[in-house]
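To keep things simple, chains are lettered A, B, C, D and E as they appear, and every chain counts its residues starting from 1.
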Amino acid sequence: MSKQAVTLALYADPDEAAGALKELRNCGVPGFKMDDVIIKSPIDHPELSELLNHRPVYIQLFTLLGVLFGPTTGLVLIASAQASFIYQSRGGRPIVPFPPDMVLTYELFILSGVLMTVISTFIAMKLPGNRSPLYNASVSEDKIGILVKAKPENIPQIDEILGRHNPTEIKGDHTR
Amino acid sequence: MSLSNLIQNWQMFRTRRPYEDQYKDAPYKWAMVIDLDTCIGCNACTVACYAENNLAVVGKERFGKGQAMHWIRIERYWGEGEEMKTDFPERGAQYLPMLCQQCEAAPCEPVCPVGATHHSADGLNTQVYNRCVGSRYCSANCPYKVRYFNWWNYPERAWPNPLELQLNPDVTVRSKGVMEKCTFCMQRLRAGMDKAKTDGRILADGEVLTACAQACPTSAITFGNLADKKSKVARMWKKQQVDLAKNVQDKTEEGIRGYRVLEELNTYPSIVYLERLRNFAA
Amino acid sequence: MIKHTMDRRDFLRVLGISGAAATLAGCGNTAIESGVEEVMSYVHPQDFVVPGIGVFYASTCTQCGSGCGIMGKVREGRVLKLEGNPESGISGGKICGLGQAAVQAHYNPDRLHTPMLNMDGGLVPISWDRASQILDERLGAKSSLQGDQIAFLSGGMSGHQRVLLENFLDSYGSKQHVCYDALSDATGRAATKAVLGTEQPLWDLSKSRLILSFGSDFLGNGVSPVYMAREFAKFRKAPRGTLIQIEPRMTLTGGNADRWYPIKPGTEGILALGIAHDLLQHPEFSGSVPQEVLDLVKNYDRETVSDITGIGADSVRLIAAQLWNNSPSLVVAGPAVYGHAYGFSNMAAVQLLNIILGNRGKTLQGQAEHPFPQMTPTPGTYRALAELTQKMQSGQCQALLITGTNPVFTSPSQLAFSEAMKKVPFKVAMVTHLDETAGQCDLVLPLLSAMEDFGTHVADYQPEGVEVLIQQPLMEKLYPDTRGFGDILLDVLRKRKADYAAFPDYYSYLKAAVVKAKPVFQSEESDDRFWETALMKGVIKWQGKTTALEAKLGALEVPNPRELSTDYPFYFIPSIRPDMRDGRHAHLPWLQESPETMTTIVWDSWVEIHPKTAAEMQIKEGDVLVLQSATGSIQAKAYLFPGIQPDTVSMPLGQGHTQMGRYATGVGANPYKIMDAVFDAHTGELALHATRVAIRKTGDNQMVVKDEGPTNVQHGQKLVATLSADQARLSQEI
Amino acid sequence: MSHSVHSHPQLDVQIERKFVPKAKDLGPDVSWAQINKDVLRSLEKPRPAFWIIFFSALALFSFGVYCEVYQYQNGMGVADLNNPQVWGLYIATFIFWIGMGHSGTLLSALLHIIHADWRKPIYRYSEAMTTFTLLTAALFVMVHLGRVWQFYYVVAYPNERWVWPNFTSPLVWDATAIGTYLTSSLLFLYMGMIPDLAICRDNARGARRALYKFLSLGWQGTDRQWGNFKVAYMTMACFLMPLAVSVHSIVSTDFAVSQNPGWHVTSFPPYFVLGALYSGCSGIITLFIVLRYVFRFEAYMTQPILNKLIKMTFAIAMVWTYLDLIEYATTWYGSDEVAKADLVYRATGDYALQFWGMIFCAMVMPFTLLIRYVRHNYTVLLIISLILNLGMWLERFQIITPTFAKSHYPWTWTSHWWPSWVQWGMVAGSFGWFTMLFMLYCKIFPSVSMYEVKEMVHEQNLEGKLAQPVSEHAHEAGLPEGGQA
Amino acid sequence: MSYAKTLLLWFLMLWMGATTVWAEPFVQGGPIGSQTSDGYNALGPVVEQPIEFPHNRHAGDMKINCMYCHTYARRSNVSGIPRLDKCMGCHNLLPQVRDKPRIKKLFEYWDNKQPVPWKKVHDLPDFVRFNHERHIQRFYFQEKRPVREVCGYCHGDIASMTTARRVKALSMGWCVSCHEKDHLEKVGSSVTSHGPNDCWLCHK
């Protein structure tokens, strides 16, 4: 991978940030892709995310896997345990009774669904991970940050585009 | 292994108990008949049970709190139905020896969280003390309330030296926090069944008795093997037209006395009581 | 099988296979252990001794006088449980709760295990050497005691213990073997003898079609409850007999009655005469009855009887009709009948019915003559104690030996027995527990328990011929410093009489004596074999012949009972609990905790009172009442009990101990102490049912500890179902 | 505050003025930076009341611990339980606590799914309440076991003995359901808290910073993180709602599965779920008032939000009342004589006081919520919410005790059974334990969701841009009113 | 985004769940007849006995049948420590070893008519009922396995020890692992059955 530099611009107004993003989209800087733009914000801004390339979310696929496999293996586990060598017959009920087993199967359905969701989410969010060196605490407060990765030679051009939309601050790390 | 076991024996695992002829091929099914007409309420069975099964004497204060440990108790009722209709109990008292009914569909069994109580192959409602965690759900669900919980650590208190020398080594002394109940004197049955197995036979009728049945001066308690059709208890069940796997008994004749207590709750008890008789002409 | 005692003793030693201490750990020990517990093996045991398997030994129960044959299950040298001995004609393999509890008397934590000497007003433990020395000084060869200066006070006693005891007294020339039984039935016996010619006839319950019981608790605490219960079971099989019970307070037997009548205490004789009046209307009954009886009975027509007894005229007719229709019948009576100032005539009037009904020879037999009359049980009487007390008061009694009875606890306070005891210079108690009487003695000797000692017994009521019952140790003695009753007497006797030198211990004496009796039992076995068989079976039987009963009918005077006064408006009935009896078993926790069946109360004394009476007096369950008699007062909680005559209150005997160990003390109150000094005119016995009391509320209310819940009816559930007897299909077997 | 009706002659105007204008949940002048500042302040310096509450809770908890140690050493007998009365307060309070937990999920999950934005300032603490009530409930399961040291036998774990728990037992269902619920709620709470933990991390120093840094896992609020986060959060919410319903249904099967009179009722599962929501909602009202005062959250826990909460509580209370009455009605018209007798016993027997107490506290008292004064007076509201909760506790006592006192078997009936001080001590201790944990949580973690309140403000601003606020009640929002609790 | 990682994790979970069902109890009994420690840290402590009884001499060198001394094993729950006169029966006739210190001790006990206070080495918890009789009857008399194999399965190779030492786990899972297996009913018969699986057979 070729050497890349990073720059971060902070905006107080989401509309300005949107303006910056729109301009970046059409800037035509050679080698620059929208995939290299990352928005950092205190809240979710779907209207800004739309300006980036579509980034699919696969979490629910894993959730589906969880809710399919969790209860089936759970039911087999429970029934097998009930039928194990030291089976214990209970008056009035079969040794492997379905209605009570369904209760636990249901619980396992939920549990595995939740666990799979959480695990896949963390993987998708790349958490736990390190913050980028350009992380600015104000993006967790009230600023919207636009972080752009580009070749070092393109940075001034991008900084200029970002600077046109009243950023409160532009900071770059050009050493990487 | 377990999965193949599950598939192979599927039919057995899905069988709902009790069913007709459940014990047809089994060597043993323990059962009892208690004749309320000959029970005189003398408490010999109660004391015999204390002696045989290491039951703790709890003392006055705890007895008063309802923490007694008698596995078999003699209940004494007056009158008929809701209240006593006469000033005096003209027809005597009504004595009822109440012990664990060893239900075939025991309400206590499915609710135990750890499986400390379950149904044994010879039709007993077992209680495994060292598995018990003391949730007391079984007692909550027992319609007869014949399960007894160790509210205190009786081994420390109930047998001051040298009373502990009397303790039956074949029966565990239960520690605090476990449920206990009548076992039909499992230790006696076990020893008898082991001996019989060594001899390659099954136990003869009357060879092993529970402590209460053995002590009972009027022989009001008949104990035996229901699977053995020739045993006295099986003949009595048959004669009294009580079917183990039925919750409503069809009686073909009048004057047949056998019934099971709270049968309508579908517990299928293993103890048949014979109605008390009174000569109302007297 | 048993060769010599050396081996036996080894077997009986307590050994540590899964030792008792470890058993206590119970669920506590949850791990596999190595090298923690000890496991011992026998040195030289019998071949049949297998560790882990119990061996049964035959013996005889000494908890009451019935003489039931028992078997003790012995494992690893410990006796674990008692069962009935099937060889025994009396127990027939069955056993009552009282008998079961004998092991608790044996293992009781409060058992006396050293001799004690009264020094400066308190009992202190001493060694056996010292105790023997004192015995020797006071009673031995150099003793100056002569004749009736020495007295032996015991409970009912039979077998070789009695023989030895009387030989012992003989060596001083004393005839003072005083037998005291707080629940003496001497009046009843005397009256029965007067009418039927025998004190204790045999009842054939199973043959009777109808039993009419006047307050006889033969199933609970009669003369032989286990045997009676066995017979009663047969009586209930087809053809089912009917039990009619008439008594002021419902006993255990009354609870089993087909018809139960509450009667005014003390009027049973009048009712019996009233029934006789009805019966004698029929010529086939009156034929054999002398004129004086007919004259007597004539006055007791139904209405008169009904007025006096509180039993309706219709009921009198009904009872008579039942007796008339159901022959053979049996009329029995209990302490409620003879416990009055006119108890003798009351009882005689009741027994009269048996003769009128012609039950002699059918359901009533005379007991077989016993070949060893010196071994038969001595009936305890109150009169004997009263006479002894007088002698003690007057200083005639110089030495008093006591065993098997506790008069300080059971004698009524007006007798002042414990004061009289202070006048006796040397008092020795031979006991297993330090009871109230032993506590006042100078020397207390710890006895072996019934599970440790040898002995023979003869039952008071011998249903199947003649039996000599053998008692043998079921285990090695728990405490080295305890001795057998026979051994103690022999120790002294050997010094006084040379011919006892041949017997180093009671065992050898007993064996010799039993073997000597072999010819009577027509045994052809060798001496040793005879003895071994006797030990193995626990009983020596001899087919005795029952004797015929006489019919002595004569004039009777049955007075109306003393009217209740306004000062003491209630009849007081001391009820006898089947398990506590006179209080000698109050130290057995199993019995304390087994609910008294009629009330289901445990660990306590209580006052039974009819709910109607209670409602009138605004008494609730648990109200602490003061019972005031002319003699004294005690307190107990009220219990509302429908099975009692409304003018009557009742309280169980046996509780209220001040000594006798942790389980007996601090439980309930002792009704003996308020007994009025009323005696039977004929026999001089204390009339137990003749006390009158007043009731006062203290305002205190305490919980009545009982098994019964807030309700005692079935609330529509089919728990105990009752069927009319004529509808039932009964057979002999089921 | 009432609208002057008489000054408007036309009815339609009245309607418009009264109903169309909508009070804003938050005040108009809350800025994002201000939110950070306010919430982070709650982690630093609460009012002194915080410490009073915390230490009294600690004292109560210590007493509870003493009771448990005493019971552990001597056996369950010290609780004065007995043969028919085998459960006593332990199970009653267990149900109470597990019920308390359900409204947290209602607020955080259900209202999230249906986009009811007013939940945003208050869902965090209610969810924390869920977690801690579950912990407290689990404590009672332990406390009531005779051999608590063997509690792990109830859990299905592969073991050397090859013995499994009994999967047919409602208690095992309980254990699994509570385990699932606790795990899921904890994850849900934690997931939702990650952006806020990042804020804390960015503003804290020292050990706290290390803690938040560890917990925030390096969250930096990128668009990818937000996108995934939103989807995952919604997915979990969809799981949590049925889970909450199933958990309390399962708790109800502890009773409904058994044969005891008064328990063998088909309507128990919905009845229990609604009872749970009911007590949970009144618990949330209580905590709302407490937190608002202790942590100075007046700007976020506003009157309009409280109003909505109260209306919801009232609605749930009415459904619960209906289900309760239906239970009685079906028993009454049924032919199970024993159950009928049990019902009569409840209303007239030894525990009639508790029964009618429950009826009063839980069925009658909710109607006071209709009074505007009550809704606006925090002190009164606090008391009423506590009374509602007392009513719901009594309801659980009512389920357990009379049934044991009068079951199928007349011989073992009890009268006047009453728990011993040990049981009461442990009930008190559980309140201490919960309050202590909850207060500790609020002191360490942001109990108002900062990023979601920001979203709320953002959306209000967007709305504001589209149209000027029409409400004349806007001034109500965010202003403390009717005194402080 | 790593699908691979997620899938791996998922199958790990699946596998763990499946293992719990399909796996045998974690403690294995080892093959029937194994006489040494089964390697599950089941070796018990060394127990000091009043007399250091040389099992290796009696059972090992002299090849005495275990049940010659532990005679109760075939007819009682407990196998029993041999009674003292059993020891004396032989040792009275063996003057050549009379002077050895251990034998001297033995005679001391005999002369005093004192039982020897042996320490229990195989001591199960008090709630467990183990029946020697049934195991001996089944495997020794019916199945005719060698006695050292039958006894050794639980007690290890006693013939190689002096005083006995516990070498097997004797835990419930260990017991169950054997009960679960099918054993021949009789020598020469092809009918098999497994040990009982009812709780009350072993728990009292």
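By our rule, contacts are C-beta pairs under 8 Å (C-beta built on N, C-alpha and C of every residue); 3 or more make two chains touch, one makes a residue touch a chain.
Here the structure is a predicted model, which means the values were calculated and not measured.
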item: Common touching chains of chain C and chain A; value: B, D, E
item: Most distant chain from chain A, judged by the mean position of its C-alpha atoms; value: C
item: Closest chain to global C-alpha mean, per-chain Cα centroids; value: B
item: Pair of chains joined by the greatest number of C-beta pairs in contact; value: B-C
item: Chain B and chain E, separation of their C-alpha mean positions in angstrom; value: 35
item: Chain centre separation (chain A, chain D; CA means) in Å; value: 31
item: For chain C paired with chain D, centre-to-centre distance based on mean C-alpha positions, whole Å; value: 67
item: For chain C, residues that touch 2 or more chains besides their own; value: 17-18, 23, 25-27, 30, 53, 707-708, 713-717, 719
item: Sequence positions of chain B contacting 2 or more other chains; value: 2-3, 68, 73, 75, 77, 96, 107, 110, 115, 118, 129-131, 172-173, 175, 178, 191, 262
item: Per-residue overlap in chain A, given as positions that touch at least 2 other chains; value: 76, 80-82, 84-88, 90, 93, 100, 120, 124
item: All touching chain pairs, where touch follows the definition stated at the start; value: A-B, A-D, A-E, B-C, B-D, B-E, C-D, C-E, D-E
item: Residues on chain B engaged by chain A in the complex (per definition of touch); value: 2-3, 5-6, 9, 12-18, 103-107, 109-110, 115, 118-119, 125, 266-268
item: Chain E to chain D touching residues, read off their complex; value: 19-20, 23, 25-27, 171-173, 176
item: Chain D residues within the chain E interface of the complex; value: 158-163
item: Residues of chain B defined as touching chain C within the complex; value: 35-38, 40-44, 46-48, 50-52, 54, 57-61, 63-64, 68, 70, 73-84, 87-96, 129-130, 155, 159-169, 172-175, 178, 191, 211, 214-220, 232, 235-236, 239-240, 253-257, 259, 261-262, 273-282
item: Chain E-facing residues of chain A, complex; value: 58, 62, 65-66, 69, 73-74, 76-77, 80-81, 85-88, 116, 119-120, 123-124
